[in-house]
Amino acid sequence: MENFEPKIVGFLCNWCSYRAADLAGSARIKYPPNVRVIRVMCSGRVDPAFVLKAFSMGADGVMVAGCHPGECHYIEQNYKAMRRFYMLKQTLVAMGLEPQRFELVWASAAEGQQLAEAIERMTDNVRRLGPLRWAENWADDPQREEALQHIVKEHEEALEVIS
Amino acid sequence: MKYAYYPGCSLECNAAAYDMSVREVADLLGIRLQEIDDWNCCGATEYFSQDELTATAVIARNLALVDPQLKQVVAPCAACYLNLKKTDRLMAEHADFNQKVNEALAAGGLHYRPGTVQVRHMLDVICDDIGEAAVRDKVVKPLNGLRVAPYYGCQVVRPYPGDENPEYPMKMDHLLSWLGAEVVDYPVKAHCCGGHMTQISEPQAFELIRRLLQSAQDYDADLIVCMCPMCQLNLDGYQGRVNGYFNTEFKLPIVYFTQIMGIAFGLDPKKLGFGKELVAALPVVRAKVNGLAAQAAQ
Amino acid sequence: MAERVGIYVCHCGSNIAGMIDVEEVARWAGQSIKDVVVSRDYKFMCSSLGQKLIEDDIREQGLTRVVVAACSPHLHEKTFRRACQNAGLNQYLCQMTNIREHVSWVSTDRQKATEKAKALVAAAAERVKHQRPLEQGFVKVNPATLVIGGGIAGLQATLELADAGYPVYLVEREPSIGGHMAQFDKTFPTLDCSACILTPKMSEVGQHENVKMFTYAEVEEVSGSVGCFKVKIRQKARHVIFEKCTGCGICVEKCPRKVVDNVFEAGMGYRKAIYTPFPQAVPRTPVIDTANCTWFTRGKCQVCSKVCPTQAIDYDQKDEIIQIEVGNIIVATGWKLFDCTRIPQYGYGRLANVFTNMEFERMCNAAGPTGGKIVLRDGKTEPRRIAIIHCVGSRDVRHNQYCSAVCCMAALKFGHLVLEKTKAEVYSFYIDMRTPMKDYEEFYQRLLEEGMHFVRGKVAEVTDAARLPDEQGSLIVQVEDTLLGTQRRIPVDMVVLMAALEPQADAKELGLKLGISCSMAGWYTERHPKLDPVATMTDGVFVAGACQGPKDIPASVAQGAAAAARVAGMITAGKVTIEPIIASIDEQKCSGCRICNNLCPYNAIEYDEEKGVSRVVAAMCKGCGTCVSACPANAITGAHFSNEQIAAELEGILWDAIADGRPASAAPDGSKAPQSTPVGAA
Amino acid sequence: MSKGKLALYWAASCGGCEIAVLGIDEHILDVAKAFDIVFWPCATDGKVRDVEKMPDGSIDLCLFNGGIRTSEQEYMAQLMRRKSKVLVAFGSCAHEGCIPGLANLYNRKAIFDTVYKEGSTTFPENPQDHRPQPITDVPEGKLSLPLFYDTLKTLDQTVEVDYYLPGCPPEAKNIWAALVAVLEGKLPPKGSVIGLHTTVCDECPRKRSEKKIKKFYRTWEIIPDEENCLLEQGLVCCGIATRAGCGALCPQVNSPCIGCHGPNDGVEDYGARLMSALASVIDSQDPEEIQRIIAEGIPDPVGTFYRFSLAASYLRRSKAFGGDGAAAAQPTPLAAKA
C-alpha cells in the first residue's frame, strides 16, 4: 500500500480544463503524475461507457473536467456532462464504488493552479482508498478448477460402472 | 432551540447585567441555554501570548465539556467567544497541536474533536437563528425616538468576521432597527476600546476611549450599546476618568444590546440589570422612548 | 492490413528530456507497441529538421499513422499535421500527445514522469490506428461585420472596417455613441481635450456610408457561426421617430421634467425626461425616458409632441427586432464602475464630500454640472485639501484582485487639474504607482514637481470623527505611511475614490449569446493572452477594449484597430476552413427516439418526420460530441473522437493497469470488457 | 440431404426459453423434419454421457439458454461448445445474464443466507443453518453437488459463442427466423446478434417529440396516455436503448419497455447508453435539483439500467460483495472512519 500509485484517467475538455493543464505546465506547477489525460472536445462528449470501461480495465479513479457551468465553449454542454455525472455516480455508488474515485471538476483555462490542486486532492483520496482492481471482483472461485475436475471424474466413473 | 451556554468570568461579576439580560431575552425568544457544567476561565487575552498550548488546552476543556447532544455553544463575552472559536480552529488546522491538546485533556478524562461544537456569539444567534420576524414580533415598547449607537469593538468581528464586513459590521444596526430605535451610523463602531491598555498606559487607553465617546456624541447618540464586557467597562467605568483627563463632559450611558432589547420587549429593567452601570441609562431611556416616561411615572 | 505507425518523441531541448527519459520512451514504444515500425527521439521535433524526419519516414518507411509526443497540441498540432500533409499523409492521421505541459513541466520524479509519458504515448498510438482521414470544409465569409459597443474601441474598429470599404453594423446600448471617453475632460498624459479628439470620430461614424448605426439598441440573439452569423437586434423604443427628427432640441428644451442623470453625469447633474445624453451626441435624436416622463407615468403633458416641428414624437412606438447577417462580430462592450458603497469605511454615500472618480471627471469637465469648477457637494465651496485614494476595489482580495490599470494615471491627471484650477493641496494615497506606458512616468515626475503630495499606503478609513482641534469639520484620511513607517491622519475637505473598472453587469449574458467565455473576474477571455489577444475561442468573434480587461484609451484604440484588421483579413480571404470534427447519424441505426433533438445548442440536429430519423446539419455542427455520447442507439458517430478511438486510447493509457491489475485467472475468458492487452509484453 | 443435429440446453434461467421454443407452433414439425434432436433434457430423454460420447463438432446447432452460475453449468457449456458447430446464446440469460445476473449485486454467501437462513420458508426447517456443500462424506462414499459461483457469467464469458438470439424470452417469430437462417445457410457474420439493428422506438407507434424530463415516475405512480412517448411522460422506458425486434410489445400495452433485448449493435454496455440518454434530457441546470430528480425518480439505478444486462456490463457485478465476499465486503478505510 505504501508504494501504491493510483492510475487515474482524466477526461479533459479541449477548451478549458485541457488548457488549464497546459497552463499548469507553463507555470511549472507541480502535481502528482497519477492523472493521465484523454482530451475530448467537450465534457459533454464523455460517455458513461468510457468511465465504466476505464474502471473495468484497471483505473483506480476517473476524473471528468470541463469548463465552469455557464462558461462552456459549447454554451451549455457541460450541464449535460454534469447531469450524466450525477446519474452515473449514483449507479456506481450503488455498485459499491467509493464516491471519491469518480469526480467532476470545473476548471477554466485560467485555472491551472485549481486543476493541479484538484488532481492532487483526488490522487490523495484515491491513494488512501487503495487499488481498485475491479476485475478481481469476478475472479474465478478458488475451488472452481477442482469442482470441474470432480465432474469430469464422476462422469468417467459413471461410464466405467455402466460399461 | 437549545444551545450550550458559556457565560465566562466577567458575566459572573462586573458584567452581571449582561448575563441577566441575556438569560431574560433568550428565555422570551425561546432560546434555551444550558450552562456548561463546571466550565472554567477562557484565559482572556493574556494567556495565549504566554503559553499557547496551555491556553488552548484550558479553553478546549470547556468545549470538551459541552453536552454531546448540543452542537453549538453561545458565548456572550467577545473575548470568550473569540478564544473558544480560535481554539477550535487551531485544533482543526494543526493536527499535531490537536494531538497535544487532547493529550492534556486526556489527563482529565476528556477528549475534544475539533469541529464538533460550533462557537456562536449571542448576537448571531438572535439575528440569524431567531431572525427579524420573531424579534419584531416580541417588541411591545418600540424604542422610537431613542438614538442608539451600536458599538461592535474588535473581537467579535476580527479575525473571524463571518459574513460581516469587519471594518463596518451591520448586524447590530439591523437588530436595533427591528426594535424601533434610531440607529446612529457613526464611523468608529468597530474601532478599539483600548482593551487592557488601561492597565498598561492610561493616556493611550483614554485617548482610544475618548474617540469613541466623542464620535458617538458628535452623532447625537443617546446611548451606546455594546456586546463585550471589556468594552462596557472601559467606556462606562473610565468615562469619568476620561472626562477628568481631557476636560470633557461626556455623559453617555453604556449598556449591553440585550439590555436594550429587554426594554423593547417590555421586560422589567431590574431583571435586565439596569442600575449596575455607572452612567445611569434608565433616565435617558425613559426620557427618550415615547410612552416609557409616562409609564415610569406611574 | 496492419497500420504502420511512426512514433516521434521530442526532447524539446531539456524541457522534456530533463524530466523524462525520452530515449527510453522511444525505445520502449518501438519494442512494445503493436504496429509501430519507427520510433525515434529528437532534440526539437518542431524544427524543420524534425519535421523533415517525419516526412522522410512517411515516404521511405510507408508510415500510415504518426504520433508526436511533444508539447501541447494547442501549440504545434498544426505544425505536425502540415508535415504529414506535405508527405502525402492525411493530416488527421497524425496524433499529438502532450508530454511537456502535462508531464515534464509538472513532475518532480523522473521515473514516474517517464512512466506517465509511456502511457500517453501508448494511448496516442492505440488511438491513431483507429483514426480516419478527414477533409476540411469551407464557408464563405459575409463581408458585413457587427460591432457591439460604441465606445472608443468599438468606434475605432468600426471606422477601420468602414474606411476599408466593408459594411459595419454598430450597436450601442445608450442613446448616443461615445462611451466613457465622452464623459472625460482631459486625457492623460497629454492632457488633450477628450471631447475634441473623440467627437470627430463620432460624427465620422455617424455619417459614414458604410456604417449602419443602432443606438439605444441591444443584441438580442446570435445564431450561426463564423462567416454567417444571424443576429437579432432589439431597437428599444425611442418614442422619437428617427427619420422625422431633425435634432433641433426644442423638445428637450421645453420638457418640464428634470431628472438626475446617473449615467452620463454620474449623478452629478440633471437631464430632461426627453434627452440626448450630451450636446455632441451622435445621433442627435433624443429618447424619452418612460420611467420619468410625466406622460408615461401620469398620463399628462405631451409638451414635446406639441412643440416638435416635424411631428417626430410617437408615444406608441414599440421595441423593434431587427435581423441582420454578418460574417464576423467585434465585441467592445467596455466596463462599469465599481460600486464604492461596497467599502463602507471609505464613507461613499455616507460622507457628502467623498466622490468617485467618475463624479470628479464630470466635475472637472467644462461642459459638466459645475462648469468645470472643483467644488464640494454644496456646489460652491472650493476645497483646500483634496485626497485621492487609489485602488478602491482593485488590488483587493475582498473585491477585485486585478489592477485596474488606468487609475494611477487618472489620479495624476486629477492632481494636475486640481493644481491648475484651484489653490488646493492634493494628496495621492497609493499602494504602488504604476506608470509603465509611453510618457507616463514623465507625467508622474511632472506632478512630483508640481507639488502633488504622495503618501504610500493603503487607506484604512475616511472618517469625520475628529480627534484634534484642526481636524474638526474635516474628513480625516487614516493611513499607514509605509515609507515613513507611521500612522498618519490627514484632514482634507474632499476625497476622490479611484474606483475600480469592473466588467459590465451583463457581460456573462452577452458572452453566452456569442459563445465566448469570461475569466473568473468576468472579463472576456481572449484566445491566447499573449499571441492572440483580440480573437476568442469562438471563430469569428473578436474582443476589443476594456471588455477584455481594464485598459486605457490608447490600448483600447489599438485593440479596436487590431480586431478590425483580423476581421478584414477574414473578409479578404473570403472563406474560412471548417474543422471536419463533426457528428453524423447512421440512419439505419437511428430509431427516431429524439433524445438528441434538443441537446444541440446550435440547433444542428433536425428530425425527419417522414423517415422517422434525426439528422445532423454538418455546417452547423461544432463537434462537441454531446449528442454522440447521448445516443442510446449508438447511431451517432463523432468524427475524430469516435467511441472506438477513445476506447482504444483508454486501452493504451491503462496498458500497465491492464497488465498488472487483472487477475490471471480472468484472462482466458472471451468476455467483452477487458480486451487482450493492447501492447506486447513489456 | 441428411438431417442436421440439434441440441438445446438449459443453464441458469427460468425455463421460459424452453417454452418459447414451443411458441413457434406447427413450425416445430418443420424443425423435426429438418433436425434430429440429439439432446434436449427438458423435452427428450437424452443423457449427458451420450453427448460426451459424440465426436467433437458433431452437433450442427446448439441453442443454449441460461447463464453460468455453477460448475456443472460451466462444464455443460464447455461440453456443448466442443460438440457443436454453431453455438447460439439463446435468450437474455445466455446473452447477457438477465434477471439471474442481477444476483451479481450479491455473492454466494449473501444468496445462501437469503435462501437457507433468512428465507421465511426455509428457516424453520433449517435451524442448524445447513448449507449446500460441494462434497459431503457419507458412509456410502462422497456425495457431490455442483459448486455455486460467486458471480454469474454469461455464456460468452465462459465459452466462445457464435450467435446471440436476444429476448426474455426470444419471440417465436424471431426463433423461427433464426432457425430458417440456419437451415438456409444465411447466417450473418459470426458474433452477431440475430435481429434488427435499431431500437424499439423504431417499432413503437407512439408520437415522439423533443424530450425534456423534470421528474421520473415509477409505473404505479401515473397512468400514461396511450398516444405519446412514455419517456416524455416521465416513465423510464428503455425502448430508446433496446434492440428492436419485439414489435414494441410492452409500449403497445401502455407499459414501458424494460430492455430485455439488450443493446443495439456496437454497444458494449447497455446501462451506459440508457444512463447517458436519460441524464442528457433532464430539464435542470441546478446540481441539487438534478441529484434530487435522479434520486427520487430512479431509486434503484442498477435494477433500472441493468435489469437484464448486469452480468454482461463492463463492471459485471457490485464491488461491496465482490469476489471472496467476506474480504471484499469489509468497509473501505474512509467509510470506516466516518
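Structure notes:
Here the chain labels run A, B, C and D in written order, and each chain numbers its own residues starting at 1.
We adopt the following convention: a residue touches a chain if its C-beta (ideal position, glycine included) is under 8 Å from a C-beta of that chain, and two chains touch if they have at least 3 such contacts.
Please read these numbers as outputs of a predicted model, since none were measured by experiment.
Note on interfaces B-C and C-D: more C-beta pairs are in contact across C-D.
The distance from the centre of chain C to the centre of chain D, each centre being the mean of the chain's C-alpha atoms, comes to 54 Å.
Rounded to a whole number, the gap between the C-alpha centres of chain B and chain C is 48 angstrom. Averaged Cα coordinates give chain B a centre that lies 69 Å from the centre of chain D.
Within chain C, the positions touching two or more other chains are listed as 599, 626, 629-630, 643, 673.
The set of chain A residues touching two or more other chains comprises 47-49, 53, 56, 76, 80, 84, 136, 138-139. Pairs of chains in mutual contact: A-C, A-D, B-C, C-D. On chain C, the positions that touch chain B within their shared complex are 343-345, 347, 350, 460-461, 463-467. The residues of chain A lying in touch with chain D in their complex are 47-49, 52-53, 55-56, 69, 76, 79-80, 82-84, 86-88, 90-91, 94-98, 100, 125, 128-130, 134, 136-139, 141-144, 147-148, 150-152, 154-155, 158-159, 162.
Across the interface of their complex, chain A is touched by residues 72-74, 98, 100-103, 105-109, 112-113, 115-116, 119-120, 123, 508, 512, 515, 517-520, 525, 537-538, 581, 599, 601-602, 622-626, 628-630, 638, 641, 643, 646-647, 649-651, 653-654, 656-658, 660-663, 665-666, 673-674 of chain C.
Those residues of chain D that touch chain A in the shared complex are 48-49, 52, 71-72, 74-75, 105, 134-135, 144, 146-147, 149-151, 153, 267-269, 271-273, 275-276, 278-280, 282, 284-285, 287, 290-291, 294-295, 298, 300-302, 305, 313-324, 328, 332-335. Chain D makes touch with chain C in their complex at residues 153-154, 156-161, 197-202, 208-212, 229, 231, 239-241, 244, 263-268, 273-274, 276-277, 280-281, 312-314, 316.
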